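In what follows, subunit A forms one complex with subunit B and a second complex with subunit C.
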Partner chain A sequence: MTMPKNIYKALEGIVGPENISDDPAVLDSYRYSLAHTAIHLGPFFDTFTPRGSAVLLPGSTEEVQAIVKLCNKYRIKFKASSTFWSAQGYPSEDNTIQLDMRRMDQILEIDEKNMFAVIEPGVIGATLQAEAMKVGLNTHIPGAGCSCSTLAGATSYFGSGPSNLYGGWHYDNLLGVEWVMPTGEILRTGSLGAGCGWFCGEGPGPSMKGVARGFIGSKGAMGVYTKCAIKLFAWPGPTTLPVEGIVPAYKTSLPDNFKAYTVAFPSWKSWADAVYTIWDTGVGYIAHRQYSMFGRDLKFAMIKILTDPTKTLGDLEEILDDPEVQKITEESKRDFQIVLAGMTKRDIEWQDKALDEILSRTGGWKVEAMNEPEINKWMLLYLIRLGHKNLNLVFGGSYDGCFGLLGSADFGTSHVEEAAEFKKRWEKRGAVVEAGGDCMMGPIGGQGGGGTCLWENFTCFDPYDRDSIEGTLEFFDACTELGLERGWGVGMEKWNSQARGPDGRIAPKEERDRIHLSAPQPDIFRYQHKIRKAFNPNDLGDAYYETLDDS
Partner chain B sequence: MDKKMAQLMEIVGKTNVFDNPQMGKDFSPVSDHVTSIKPRYMVKPKDVNEVQKIVIWANKTHTPLIPLSSGGPHFRGDTSPTVHGAVVVDLSGMKRILKIDRRNRLVCLEPGVTYTTLLPELQKEGLRIAMPILPRSNKSVLTSLLEREPVLSPKYQWNLLEPLRSLEIVWGNGDKIWSGSGVFRGEKEEDWKEGLVPVWGPGPMQLDYYKFVSAAQGCMGIVTWASVKCEVFPESRKLFFIQAQKLDDVIEFTYKLLKFRLGDELFIINNTCLGYIIADKPEEASALKATLPAWAVVLGITGGQILPGEKVEAQESDISDIARQFGLEMVPEIENCSGRELLELLLKPSEEPYWKLRYKGGAQEIFFLTTLDRTPGYVETMHSAADESQYPIGDIGVYIQPVHQGVCCHLEFVLPVDLMSPAESSQGQKLFRDASHRFFNQGAYFSRPYGIWADMVYQKDAKTMMVMQKVKEIFDQNNVMNPGKLCF
Partner chain C sequence: MALEDFAAEMDRCSQCSYCKWIPFDHIKSWRYAKNCPSVSYNNFNSYSARGRYAVARSLLKGQSGYSDKVRDIVYKCMTCGSCDVSCKVCRFNLEPLDMVRELKFKLVEEGHVLDEHQTIVESLDKEHNTMLQPKTGRGEWAEGLDVPRLFSKEAEIVFHAGCRFSYDRDLWNSVRSAVTILKNAGMDVGIMGEREMCCGGRIYSMGYRNEFVRFAESNIKAWAKAGVRMVVTSCADGYHAFKRLYPRLGFQVQVMHVVELLNHLINEGRLVLRSEIPMSVTYHDPCHLGRQGEPYVPWDGVEKKIKSQIIVYEPKRPRYNGAWGIYDQPREILKKIPGLQLLEMERAREYSWCCGAGGGVREAYPEFSMWTAAERIAEAKATGAEALVTACSWCERNFMDAIIAQRDAMKVYDIVELVQEAI
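Showing the complex of A and B:
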């Protein structure tokens, strides 16, 4: 539907004619193919997120506020997105105004002493990291990668990634927030609202930051976050990350106070023992089970390809035939990557020895092939900058995670083999990439200091191929069934299925209610409904904010 | 018998309802935060079911409830009724340690568990908890964490609510939920073995329920158990001092330690405050002040289960080096106070009388959050205010506790007063009010706004107040939970 002219004019008056468009060609460029989403349909089915009624690029909080107030006046839904990661950044209902936040891209302040940065939505992880490193600080980069908005990960989604362990996930790191609420009023949380600065997001008294985000954020369905402060942490390296090599084999050489290892274990029990001991001991700067995303059977072969500019995916089968590669693949079955960063020379010496001691006590080992200098330098850059997100799509053009076993280290390790074996059955049928079943990627420490892991079983498929799409859908349905049967809960494959149905639009209320009523605590969604009624009375967001109204 | 009393007896049993006319005195605050009104009854529930029934009853009868977990004396007025007819819900009888899990470093405890009872139990399992500075021996662990009291070790605080994790919450409307991953409450031993444990604090989902009850002064609901993250009990530990004549001289050094997360316990204290902590008797505190350094960074170094000695040795050398770079010296003891002795004190709750009351029998405390670099300015303001009120500057204890890994710090002034002297008491109250306003105007963030601070902060931040009131309306629409506090 075309937006009424008077509304368009009013919006144009707010952002200026150069920052608004309802040209269908422009609007179509703000749609998303439902490949990496809960729907997994892909371009083959030509199913996209609904076309917005206009796209606007606001340049300030005041402009955002004026837009939101106008949306309330005319009861128009709106959805803001900064770097548009996945379908969640796109509308699920027709006639929604899309706010592209890229113009608000300033790092407003880096407080070196008190270790935080004040940023706008368009600031991406790589930029913030580069600026922070100039003053001896670093920022946590969530799993979405360094090209994604730091603010979006911290306020609106999950914010978890490889550096949770030392740097904290962005739930931990989110300090003061400036939030244009769905009504257009502005809430500034914590010390910011009190006029005392950005250093604290909580209080005064009960923390109203808890309305803005919980374990996850509201995914663009509850207003617009226009600024936030993010806690930083020490970077004991050079002021500029030295990057060398030829695409895609970029790597970095860092001083001796950095060490990157792949460690592996004879059993999942010893894997978990080591993880718990690492958390108890307080070693590690980054820890992630990273390269398993390529699959247990393929990961080392893929690393060989990715660290050698002369190799391509076409070489995969030949590399897999190499007995040495097979040996290393077997050796690193139950592995993870860990980067140590010493704040001093003594610190790195102690951490290095402590890690050796942990490995010795738990029966683990360092995978020596990963210490080969070119691989090691590539691994360092990969894990510190997290700039290789394209590799998520390298096999078939699309991927999604399934299971997502979230909990203590013992929880995931108890079920990883069963989940991997389950996936193998579907891999053999050819719908998804045959990678060894165990493609479980996730942080060693889901939060600051450890304590939890997330096991996201990467499933790569071809979104242009009907059989692949249908097979993937079937597999994900089966995953959900198994997860419920085994008490693991609904997996990542269905985490957003209440928000978007197979037509790319909001799922019917009955389906959403069914999902929420089957949750361990349906009241959680009833309270979210009450919060939405109180703070978003005109219901101008979408179903990514999950509510249950069965009164 | 009064009808309400009979109804309460039906819920908690005859012996657990108290109609004690003397009770009002027990609930008078030590400080000048609120004017207390005698509660009508006190009830002692034994479990969450009784708590839930009490809250539902309070909604039906429109009776104000005041949750209370710690023993007295109470300083901040949050547990003092400010409306007539209130019922105090005394949770001190719910004092079970439900589980200590070494592998996941979690303890699940009820609100009546005190630091005195918890610490030895944790130690048996090789664990410890990040402690506030010398809590009262009868202080509820859960309340201390819910109220966001600062802990001695900022490095373990990845967020300001650490080490608090999952909660069981009975809201003011009588509903019960489990926040975080509290739905995995480990009722079965197999759950702990499988790793289905209450290890997360946030959520679940898109609201952060534990933040709604955090620093809420019991205005939102009653927390009936919590899981708390523990640390490994160190096999090796030492305590050091870095002393200076001026507070400014240790600020940059402290920033450096915070940045590198060196050390474990880490705070800054002035000679007066340190004197109050280590003195056995009032007269000793005065004498000690003269010999102790004007300012000291107190720094603990710990080594856990893996190469503990080597870690302590490495950090000791590193921190000594850093101290020297700032023209400072790290020493294991100062005149009249050795690191070992102070460490022993810091690892336990306060001896009686409570350390803040030891000098004069009473004390006012003023605390807020700020950044470390701004602390000298506030100390100067405190001195000016004291000077104008003719309060002895030498009696002002200053405690600076970095929190949230050093992003900000808790700055606390301890102002001893002799409550038996009306003149001194009145002088203390005047200073408390005057200094509070000066700090507020200077940019101090009263993140835990007790008593008069609540009016100050919510008048300035009306939007937060509006949001809080909407949230309160959802979880406690009849305003039965501790009415009259904060902005409710």
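Showing the complex of A and C:
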């Protein structure tokens, strides 16, 4: 259905004719393919998120507020997105207005002394990091990579990634927020609301940050966040990353106070022990089980390809035949990557020694092949900038994580082999890439530890191949079944299925209710329903803010 | 190829938006992080490579038609290829630049053309140049030079001036210098004069594939008749056409851009740069010489899968990702000029920002084209350099026009002019 002319005109009056379109081709460029799984949902062959009724590019908070007020007046649904990483940023219902926030892309302030930045939605991890480094600071880049909006990760979604260890998750890092609420009112959270600046995320009374964000964020379903302040942390490196090498094998040489290692362990028990000790000792700057996303069998061969600009995926089989590669692959079966950053010479020396001691106590080792200079410098740059994140999609164009073992280090490591073996059996059926079963990727958590080891078992497939997609979906169903049977809970392959159905639209209420009622604490969703009713009385957001209305 | 041949890529594009930024590893500031002039200026997703994949799919599936907006989306792409480089940081099985070109071909074949482009194509048919000038004037730039004109005389090397250099009097010094330097270095070089024809590269990037082929075949035939063994050009567009596109039609003659040859002559000691030029400069990599200047590698193969779902090609497909373009030679030349200081812009080499002149954008969307050039000039000025140096007539002209429009004082040079001055 096309938007009534008077409403279109009114919206055009807000943003200007050059910043609104209802041309079908433009609208179709704002639809997400559910063949890509849309992050833990599908995949569903040849299915797209619904076409919006218009796309708007607001340029200021005032424009956003005017749009939201107009939407309330005419009861029009709206969905804001900044960098469109997944289906959650796109409409899930027909006749929704899509707000593309890319014009609001300013870094408004970097407060060097108080270590935070004030940013608009269009600021991505890479640009914020580049600017922060100029003043000796760094930003946490969530797992989606540096192409993604920092504000979106901080206000509206998970915000977890490799630098959790030192930089903290974004639910911790979020300070003041400027929030155009679903009614069009503007709320400034924390110290900002008291006129005291951006430095604190909480203000008087119950946590508005909690309402706006909580643990996982409202995923664009509860108004629009137009500015936020985000905590930065120390960067003891150069003001600009010195990058060398030929595309795509870029690498960096940093001073001696930086070290990057791939460490591996004889058992998962020792792996977990090492992680706990790392948390206890406080060593490390970035820690992630990164390259296992390619699969236990393929990871080192892929690293060989990615660090040599003359190589392509076409060389993979030949590289895999190399006995030396096979040896290293076996050696790094239970691994993770860690970057140490010393604030002083003594600090890096101590961290290096501490890591050696941790390895010695747990029986772990440094994978020497990953210390080869060309690989090591590539790994260092990769982990600091997280600019190659879409290697997730390198094989066939699509991936999704299954299982999603979120918990302590012991939790993930206790189940990884079983989950890997299960996947390996399914890999043999041909629908997904044969990668060795264990494709568990994720951060090893934050300093202090506890409950923050999140792994997803990467599953790569071809979004243009119906058999591949249907086979993957079948596998994901089997993962869910196994996860429930084994008490691991519903895997991340289904995390969003309560919100969005296989046709790309919102799941029917009965289905959502069924899922929420089967959750350990359905009351949570009843409370959220009350919050939503209070904050979003005209119901202009989508089901990603999850509610249960069974009264 | 046809647009339908890219249907798989349309689905396999992961919608990640890497195509909107320079490779992230190279980002040094907020200000110069973007790579695609089209989406940077027009903002809607549809103006990026990922958006154009979606637009193409929508057209193929009949979900949208050929509206004015679609023409705007498609033709407001300079085909500069920066999206292609950024995409391929992580992908081995997508060709966004080829897809966008195919989208342009499709629109032209279906008759959804722009008047501004059509005027050029019609003139090209008649006058064999893209400058809307009479063909009789094509050799005037070389008047007074002692250089043989093919076919009446023979030469081992043909120097192809290109449309812009041939008719833009402000730029004549560069091509006149090029020919003079080559001759003085003992090269057996000739020109086609008024018989020279457009390479076809400009209209190819506007979407006129068939017209391009006609011009390519004519040039190939003419050079064969003249018996030349090497084509040298100062035009980056021409270089790309001869080096990358002509071989698909069976062309086998050696092709060199003048910067390659000059650097070679300097390295061999046949050209000595003695005169000091006390100036700081920054070098702009032309898209067609840099990321699109990689040599053609023949390939005729098919897609296959290994490890069940990893997409590869049989035989191995050549990878064009900008890694092997012409970047070092111009920099080596500039570093050898006494007194000259070379300062790099934040976006350089394969992730260089486009000048704004390509893909028919300069002709059809002058405001957008000038904005793009102005962005680059701002970046050049940020280095502190006094002058912007390039190796492409189209870049040079666009920069000069933008500087005039801004009433700026920055100087623009073709690299050959500086070489001539330094001899």
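FYI, the second predicted complex is superposed on the first by the 536 of 551 C-alpha atoms of A that agree within 3 Å, B and C clash if a C-alpha of one lies under 4 Å from a C-alpha of the other, contacts with A are read in each partner's own complex, and residues count from 1 in each chain.
Operating definition for what follows: a contact is a pair of C-beta atoms (placed from the backbone, for glycine too) under 8 Å apart; a residue touches a chain by one contact, two chains touch by 3 or more.
What you see is a predicted model; the values in this text were computed from it and never measured.
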Combined model on subunit A where subunit B meets subunit C, clash or fit: fit
Touching partner for A:Tyr225 - first (subunit B), second (subunit C), both, neither: neither
Contacts of A:Tyr291 with subunit B and subunit C, given as first, second, both or neither: neither
Which of subunit B and subunit C A:Gly195 touches, first, second, both or neither: first
Partner chain in contact with A:Thr277 - subunit B first, subunit C second, else both or neither: first
Partner chain in contact with A:Pro204 - subunit B first, subunit C second, else both or neither: first
Which superposed partner A:Ala409 touches (first subunit B, second subunit C, both, neither): first
Which superposed partner A:Ala126 touches (first subunit B, second subunit C, both, neither): second
Subunit B versus subunit C as contact partner of A:Asp462, first or second or both or neither: second
Subunit C versus subunit B - closest C-alpha approach in the superposed model, Å: 22
Residues on subunit A lying within both footprints (that of subunit B and that of subunit C): none
Subunit B - residues contacting subunit A, complex: 103-105, 148, 156, 158-162, 175, 177-178, 180-181, 183-184, 193-197, 199-200, 202-217, 219-220, 229, 232, 255, 258-262, 304-307, 310-311, 314-315, 317-318, 321, 369-373, 404-408, 443-449, 454, 457-458, 460-461, 463-464, 466-468, 470-471, 473-474, 486-487
Contacting residues of subunit C [partner subunit A, same complex]: 7-8, 11-18, 21, 23-30, 33, 43-46, 50-52, 54-55, 57-59, 63-65, 67, 69-70, 73, 85, 88-94, 305-313, 316-317, 319, 321-323, 350-351
Subunit C-touching residues of subunit A, taken from the complex the two chains share: 19, 21, 23-26, 28-33, 35-36, 46, 55, 57, 83-85, 100, 102-103, 107, 123-124, 126-131, 134, 145-147, 240-241, 243, 246-248, 250, 252, 298, 309, 312-317, 381, 385-391, 393-398, 427, 430-435, 460-465, 468
Subunit B-facing residues of subunit A, complex: 111, 113-116, 136, 168, 171-172, 175, 185-191, 193-197, 199-211, 213-218, 231, 233-234, 236, 276-277, 279-282, 343-344, 346-347, 349-350, 353-354, 357-358, 407-414, 447-449, 451-452, 520-521, 523-525, 527-528, 530-531, 534-535, 545-546
